[in-house]
Every structure is written in C-alpha cells, then in structure tokens.
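What follows is subunit A paired twice: with subunit B in the first complex and subunit C in the second.
Entry: the complex of A and B
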C-alpha cells in the first residue's frame, strides 16, 4: 500500500483505530463493568441484596415454578413467521427446562423452551425466562432490569443493536481491528521494552499522550490480545456459522450419531412419562463427583424432552474452582433416575476451547483476577482515548491553519465516548433509584425507562460535546471535557446518596457488614467522582493557560470510573 | 498519515480485500478445517473449535497482509480464489462423509 511495511501498518493503525476506536471504548468499558455484572445487579435490584444461594431443590421448588411457565410474548412474536397458521394459546410440549447459577448469584435465572406446532422447520423453539428467589420460588417482576448482567453485559458484545445481529458484527469487526491495531502498533514503535518505562507527563500534551497510549497498550498487551481474540472465539458460531449453513448436513448427521453413541435421545418418543425425583439424581451426581475427588455444587441443571419417556436430566458441576463454566456432566433417565451416561474428560481441543472462553467469561472464583480484569479493561479505555487525543493534538496546528473541522469532530466524539459514556452509566443508575417501583398503566416497563435514560443521557452529552467544540478549530481545548468531568464529580456522590436514601444501605452499613456487591460499586463510583474532579481542575488550569502539569491525566482519570 | 497519495478507490479496494476477501478466505479455511479434521478422526465439535480458533488467527494475518502487500490484484485473487477453493474442497469432503 505504501513504500514499506511500517507505513502500511501505521496507516492501518491510525484510520481503523480512529473509526472502530469509538466502538472499542464501549466494548472495553462495559466489558470492565461486566466483570462485576452480578454485583451491579444487586445494586440495581435492592430486593436481591442477599447472599448467593446454591441450586434449590428441583422436586419441591423448581418443578412447580417451571410448570407454571409459558413462552414470553416477544419470543412468540419472533417465531410467528416461522409457523404455518396461528400460534396456539398454550404451549404444552416442553423441549427443555434449565437453570444456571454461579457462586455469585443470589437469584436464579431459569428458562424453558417449547415446541411450536405447525412450525415450518422442526427445531423452531419459543422461550420463556424467569428470575426467581431460590429460597422461596417467588418470581422477580419481569420489568426489573438487571443493569449489570442484563444491560451492561449485552452492551459489551452486542451494543443492544439487535437488528440482523448487526451489533454483534460491529463488535466482532472491532475486535479484529483491535488485534490488527495491536500488531501494527508494535510494528510502528518497535521499542517495546522501552515503552514500558516511558511516561513524561510534563512534556507537551502530544508527547505525554503518546507515552500514555504506548504504555497502556504495551503493559496490558497480552490482556488486550487475549480478550479481543477470545471474544471472537466465543461468538465464532455467529461470525462463521459454517456448521449451521454449509456444513449443516454433516452437523445433523453428527448429532444423530452422537445420540446413538451417548445413549441420550435426540428426539421425543411420543410416549408420556412422569419425572422421577431429580433431587435424588443431584445427590447421585454429587456422590460421583466426590468419588473423583471434586465434590462441588450444581452449576447447570437441565431437562430435555420433558414429560416424554425419552426425557433425560443433565446435571453439570459448577466451575467455581475451574476455568470452564461448568463440567463433569452426568445424565439420567428422567422417568427412572438411572444413569445414562457420564461425560468423558475433555479432549485436548475441548480443554483449549474451555480455557480460552472460560478465562474471558470468568465465572470461577478469583477476586484478585477479577480486579485485574477491570484494570486491564480500563487500561484499554485509556489506550484508545489517548489515541483519539493524540490524533487531534498531532494535527491541530495543520487543522487550525486549514480551518478544518476534522479535529473538532474527532475531539467531540472522544468527549462523547469518554465522559459522555460515564455520564450515561451514572444516568441509568440514577434513573434506577429515582423511578417508582410501579408505573402508571400504559407506561413502558421500568427497565425500559431506565434504558431510555441511559441512551438519553448519552445523546445529551454528545450534543453538549459538539455544541462546545468550537475552540478545537483554533487548537484550543474543548470546554466540554471539563464541564462533563464536573458533572461526573457531582453526579457520582448523588448516585451513592440516592442508593442510601432509597434503600438505607449507606457505605458505613455495607462496609460494616462486608456486603461488597453494593459497597464495592458505591466506592468505585466515589473514586471515579474524585478522579473526575481532579481532572476537571487540571483542565481548568490548562484552559487558563497555566503550566500543563499532568495535563493528560484527564483522559485516564475520566475512564477510571467504575 | 496523509492519504493524499492514495486514491479513494484504492483505499476502498484495500479495505474490501482485507475485510471481504479475508472473510471469504477464512470461511473456506473453517469449512475445510471442519470437514477435514472430522474426516481424519477428530470429534465434530473439536474439529469445529480447532478450525474456528485457527481461523481467527488466520484472519488477523490475511487482514494485515491485505494492507501490506504491494500487488492488490494478487491479494484479491488469492483471498477470494483460495476461499472458494477451500470451501469447495470442504463441500466435497462433506459429500464423501454423508
């Protein structure tokens, strides 16, 4: 493309990094928050602030709950055009019931899948979900938003842009670009080792921003590479659906062979049969795990072909002390409780795959690693944000001379994706605390309203960033940086106080009780607020033309928010 | 980096080669890998996972190469041609296994 390899790589790094960097900011930041998704859920749903619970009894608690379930309206609507004729009133043929839990879940999420009569394809399934208190079986309201696992986490990989799965594709492409940016960045700078120890905050903004860009990129290089790569591997089935398109005949043939080999029926027999005690099967599974020297809890419990003589129950051990999410599956005949099969130890490839995906998703217990993930994610944000700022700094004289608006646009988008994103994050938390528990008839659901607040705050922050961006054309700083930092510094303590006022859980109480899900989020928000305040003061000094001591802190300080 | 020396058309052709050509090439690789590894005795899901993992690494390499290579026409030919060829071989292997 250019005279040499390094110039090509520099072009790739600059332009792809600039365009996809805005997506990557959101992916990194909400990925960092997703590390503590379940803890954020506790903050957002005060009724769920109790200790994590093991998988409850199936026979006495789960079974009646499952029996009362039906597919959701959205799922039925989604399947409507895959069916000949109208949808039935009730769905009676249960394809599967399932419940998944980890060592961090007080509440239990369960799902049920139902066969659709007259479907055009045999495997059309409609789904119902429910979140229950595993101590009582009582359901949590459907319109309660789990802000951590139900909003920030899917935002991290799908941007909540579900039309044609486009959000997944954008994030996937951004991940590929992240990998390419890492390789090309290394090619551009060459002096990898020196970057680790180079940060000159007192030099010009352009110089110190580049130092920080290189430092955060190189220090966490293995982290960035690993997460971008394994993110792609996790959703490989979406990005390259080879086995469900071109290789579907082979895939389907393999499923039938597998069912023969494992003895786990692929289809229903059409003969009704009752379900034996699943609790007894759990006891037997735990006995077998203990025999292998790995006693543990149930992580995933699932029934297939429910109510049919071909029905079976699969019980998987929670991966609390393993990288894999779950494992050591044992399968029972649902009607008799006899063991049909124990899963074989994972093959080499399976182990590699479990390692790659399990380390990304981190459902195992390791609190220090969890925090390192947060730091790695935030380092990624600093790396990308400093990339934007460097882009503008490097070109600002030239842009000023030409009267070009390019720097202004890039800078305003950088404000939007750094401080604007943080404001949106506080916006949804504040809305969560301010909205009444029950809304008037005809209003959107409470969770939907919280989401609107999130996007609304972000759009307002973006408008503000663009409206205030005029000084950038003269090579000056956009005051929106400082103003949004100030807004963060005010809203952060407001968020924490609202949690106190509406739930009674102030920091002294949560810290005294050692209730870290809420105390940790409150503290992180406050630390973020303090950093935003420091950043705002630095920016004020610089706008007034004082010496630029530590001027680049603002990029970092802004994203330290959690 | 100034783009003044590059025509928009050339830049679009480069990006197209890296993204679309790369995708076609990796699709072929995964199809061939899936069928090929399965044919030589790997369990189905192992063949699938292995070709996915290697496929994404390969995507990174060919994506970078599409921007670094001097002859853009050759990049297009190798990526699309190679992708089609591997997809075809994968399909033939599948046919022989069914």
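Entry: the complex of A and C
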C-alpha cells in the first residue's frame, strides 16, 4: 500500500492523530486541570475554603453521621429493575461505610452501601454519598458541584458520556491511538536528538509549527507514553471485563477463597453485634505503621458488614510520601477491636501495578511534581494543537486551488478544541460565581445549571468558529482564533473579579494569607488571559499581512490557560 | 532544605541540558561566531552529563526513589523546554556557560 515503512507511519500518524486528536485535546487539558482538582473545588465552593483536615474521630463524629444516612434517590432508581417487588422505605442492612481523604482535602467524602431485600443478584447494593465538614459533621448541600473533582476530572476519563460507558471506550481508544501516534511520530521524526532543542519561531508558520510539535512531543515523550499507558492500566477492568463476564463464577469463587485466606469474612453471619471503639483501632494502626518507619495519617477508613458479628474495620494509610496510593491496610474485628490481619508487603507485580496507577492518580504530597505534571499535560495540548495547525498549513494551498472545504472544517474544529474549550472552562467558573445559591422551585440543580453553561459556551464557541471560517478556503487565517483569544483575555480577569466580588477573596488577601488553592487558580487564570491577549495581538498582525512571526504562539498561549 | 535541594536539582538539570545543546555546532553558533573544537565539545558533553547525573542524585536524596525518578524525568522535560526557548529568543544568555571554552583554530 505504501512505498516504505515511514510513509505508512506518516499516514497512521496524520489521520488517526487528526480524528482522535480532538478527543485527546480534552483528555490532556482536563487531565492537567485534574492535577489541581481539589483546589478548583475550593474555588467553586467558597464555604469549603479552609485548611485540609485529618480524618476526624469515628466514634464521636462520623458514626452519628453515617447512622443518619440513606441511599440516594438516583441509586435506588438505578437498582429498581434489579429487584423483585417494590423497594423498601428504609434500608437497614449496611454493607459498608467508608470515608476517604487526602492531604489536600478540607472536606471529607463519605459513602454508605446498603443491601437490597429481594434483589435478583446477591451483590446488588444501593449507595448514599455525602460531603461533610470534618470539623463539625455538617453536610454540604447536595447540588453544589465540585467543579474540579466532580466535573473536570470525570470529563478527563469519561467525557461525561455515560451511555453504554461509551465515553470510557472513546478515551481508551484515543489512548491507544496516542501510543501509536507516539511511536509513529518517533519513526517519522528522524532527527530526535539533533533537533531536540530546536524551535525556530521566525521561520515559516509551517516550519515553526512543526518545530513546536516535535519539541513538545519529544521532551514530554516519557510523560505522554506513561500517562496514555497507565490510563489504560487503570481502566483495564472496563476494557477487559472478564471478571464480570466469562469468568464471573471464577471471580466470585476467588472472593470467597480470598476471604478464607485472609480471615476477613465475605458474608454476614446474621448475628447482630455492636461496634467497638474505632478510634482505638486507628491509634493501633498508626502505632503499627510507625513501627515500620511509616508514620502517617489515615487515608481510607472502611467498615464492612456493619452491625454484624462478622463486621470488620479496615484502615489504610494515606500514601502521601510514596507514588503508590493508600496502602498498608490493617484490619480489625469490629465488635472487639482485635487485629484480624495486616496486609502483607506487596508482591513485585502488585508493586508495579501500584506504581503505575499511583503515578497517574498522584495522591502524593509533592507540589513541584504536580506542577511538572501540569506542564506535561499542557505540552501534550500544544503538541496536539500544533498538529492540527500543521495539518491545515501544509495543505492550505492545495485546498485553496481545489476550493476544498476540508481545511475549513479541520481548522474550525481546532478553534473549537483549543480556544473554545478554554472559553467553556471559564464559562463554568463564571456561572459558578453568578448563579444564586438557591434557585426557584422547579429549576434544575445549581450544579446541573453550571454544567449546562459549560456545554452551552462550548457549543457557541464552535458555532462561532464555523461561521467565521470562510477565509480558510482562500488559505487565510480564521478570524475566530483572534476573536476567541480576545474573549479569553476579557473573561479571564472577569472570572477573577467575580471571585473577589462574590466571596471577598481577592488576590492580595489570598496571597497574603498564603491560601494557595484559590490564589493559585486566580493567578493561573490571569496568566492565561495575558497569554491570550499576546496571542490575539500576534494574530492581528498576521491577519494584516505582517511577517508571520509568532504565528504559532497562540497555540501555546491558548493551552497554557488554566 | 527540601525546597533548596529541589531548586538545585532544577538548576543542574537546566545547566546540563544547556551544555549538551552547546556541544552541538548549530546551537554553539547561535551563541558565538566561531566553532567549538573537538575537545571542547567533548568537555561540554561531559559537563552536561555530569550535571544531569548530579541532578538525579539530588532528587534521590530528597524523595523516595519511586518519586525521585518521576521528578527527575519531568525536570528533564521542563529543562529541555527552557533551554530550547532560550535558544529561540535569548541565545546569548548562554555565552556565560562557555566563556572559558576555546574555539577550533
């Protein structure tokens, strides 16, 4: 089909990269934002702007909160057709209680799972979730959207496209293509080391765009490769769901045998029993960690078979000083507090798996590495965006001669996924600050409205990009690039000012107090705005026919917006 | 202390990348009008490699090995970008790194 290997790689790189690049752009950008998801949550929920808290006392604070919980309406509705007969009014058999926190969380996320009577399958569980202030136990309103961890982060791996889990599959396929694009890109490049440090902004747009594409692709190659790969590892259970399809009987039997081996009961005994002091178990767990030279806080606390004599409590350490996530679990008998089991040190395979998933999910305490991850993610965005621009730039004369609309479509989609995506990001933050705390009866929830604003802004940006795309047919630049950069330059300071007006937290105050979650986001938005303004000026000069210098900057400026 | 060590690791990483780049003719010529001699290029490559290695050692000194290796790989990416963009816009800044070096005769 092709004359040589390199040409076939070029074909693969170009066309797969083009089609899935639009998905990867969103995956990279919202992945980069997810590095600071908890901080974005603080910005979006001003009542939660206080210092991170350790796991609170279970006996005095968490237990009463858990006892007051019930499954959510959505969860009950979801399970309705998995049950014979009507759903009960109250759910009393508690499968599990859990509380999870990290060193960056002021608020505490807790969940409770309940057994469903008359379920068609024994493991049908309905769930309730709550976010509480760990100092008081008071719950935050349910309709507040955690924009970082509850919206940007799931967008990163599911695109919020939940029908038949299709979002996960699209992102998974895009990651696979990403791996192929990296390998084929390396094959095409030829001068990886000779041109490692090369970016020539004063050359033609096509040349300098390709320089930037190569530079950002190569310097962050290990990052791109490992993140695409570990992303696939994390969701391997979704992509190869053997344990819940062909091998389900084996999987279920394995669970039973594992329970026998570990001594942690798989099922309830049916004999009620009280819960001993969990706080005392936490103290014991911390003592045992300290013995191993790993002092530290509790990251994950969970109770199984609550209220039953088979009930047990598992306490996991927060993995802030390691790449691996929570670990070193210690399990106690809930009714007596006796230690049932200490997790063995991980095997080599488990260690590798923990390292790979931990590397991607990053719950560690290392601010510099966090920022370096943001840099890696944004480098990926620049790489993809310059790929689009190069695609159009390379073909524009030919398209102009043929009167083809192809370049116009690709370019408009590039505008949509670069500046349009940034506008949508500012859109949801602005909506978050402008919407009133309580909405009239019959309206959607506040969080839902914020999401509508996000998608609405993006659709408007897309329409604008297509409407203004006519000049591309003549091989000229789409003015939507400049106009959307200008919109970003205006909206960025507006976002920061709205935060000030509605919460009183202006930059001088947050910087003075050293409250970085809010100060950091405000500053990043402002820096993004300035870069967008510089990009808009470069684009104007270029539209007026001045030398093409800086024509590639806009991609860089655009995606550095965060 | 930790911050200081990481700052030093970052600086060494940038220096290492810059020296490795300066060992290449094309980048040397962005800084000076002459050409590096064979031996100078060798010294530059050695300096560059040593700096990068020292940077790795500092990272390992600061964090658990699993974390340190990630920090170092990502630092390399950041340093390469810094060096590449400096060559694009302010290449002469690097002349201090080779003030001692002799050109090819």
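Here is the rule we use: the second predicted complex is superposed on the first by the 560 of 562 C-alpha atoms of A that agree within 3 Å, B and C clash if a C-alpha of one lies under 4 Å from a C-alpha of the other, contacts with A are read in each partner's own complex, and residues count from 1 in each chain.
One rule holds in what follows: a residue touches a chain if its C-beta (ideal position, glycine included) is under 8 Å from a C-beta of that chain, and two chains touch if they have at least 3 such contacts.
Since the model is a prediction, treat every value here as computed from it, not as a measurement.
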- prompt: Counting only touches as set out at the top, which of subunit B and subunit C does A:379 meet: first, second, both, neither?
  reply: second
- prompt: Is A:11 touching the first partner subunit B, the second partner subunit C, both, or neither of them?
  reply: first
Task: In the overlay, answer first, second, both or neither for which of subunit B and subunit C A:201 touches.
output: second
Query: Touch check for A:163: first (subunit B), second (subunit C), both, or neither?
result: neither
- prompt: After superposition on the shared chain, which partner residues are touched by A:347: those of subunit B (first), subunit C (second), both, or neither?
  reply: first
Query: Does subunit B (first) or subunit C (second) touch A:233, or do both, or does neither?
result: first
Task: Could you say whether A:441 touches subunit B, subunit C, both of them, or neither, answering first, second, both or neither?
output: neither
Field: Per-residue contact with subunit A, leading partner among subunit C and subunit B
entry: B
- prompt: Counting only touches as set out at the top, which of subunit B and subunit C does A:222 meet: first, second, both, neither?
  reply: second
Message: Looking at the complex, which residues from subunit C come into contact with subunit A?
response: 6, 17, 21, 24, 26-27, 63-64, 66-67, 70-71, 73-78, 80-81, 83-85, 87-89
- line: Per the touch rule above, subunit A residues touching subunit B in the complex are 1, 5, 7-12, 14-15, 173, 176, 179-180, 183-184, 229, 232-233, 236, 240, 242-243, 246-247, 249-251, 253-254, 258, 347, 349-350, 352-353, 356
Statement: As the complex stands, subunit B meets subunit A at residues 1, 3, 6, 10, 14, 19, 26-27, 30-31, 34-35, 38, 42-46, 48-53, 55-57, 59-60, 63-64, 67-70, 72, 87, 90-91, 94, 97-98
Task: Spell out the residues on subunit A that touch subunit C in their complex, using ranges where they run on.
output: 194, 196-201, 215-216, 219-220, 222-223, 321-324, 355, 359, 364, 366, 368-369, 372-373, 375-376, 379
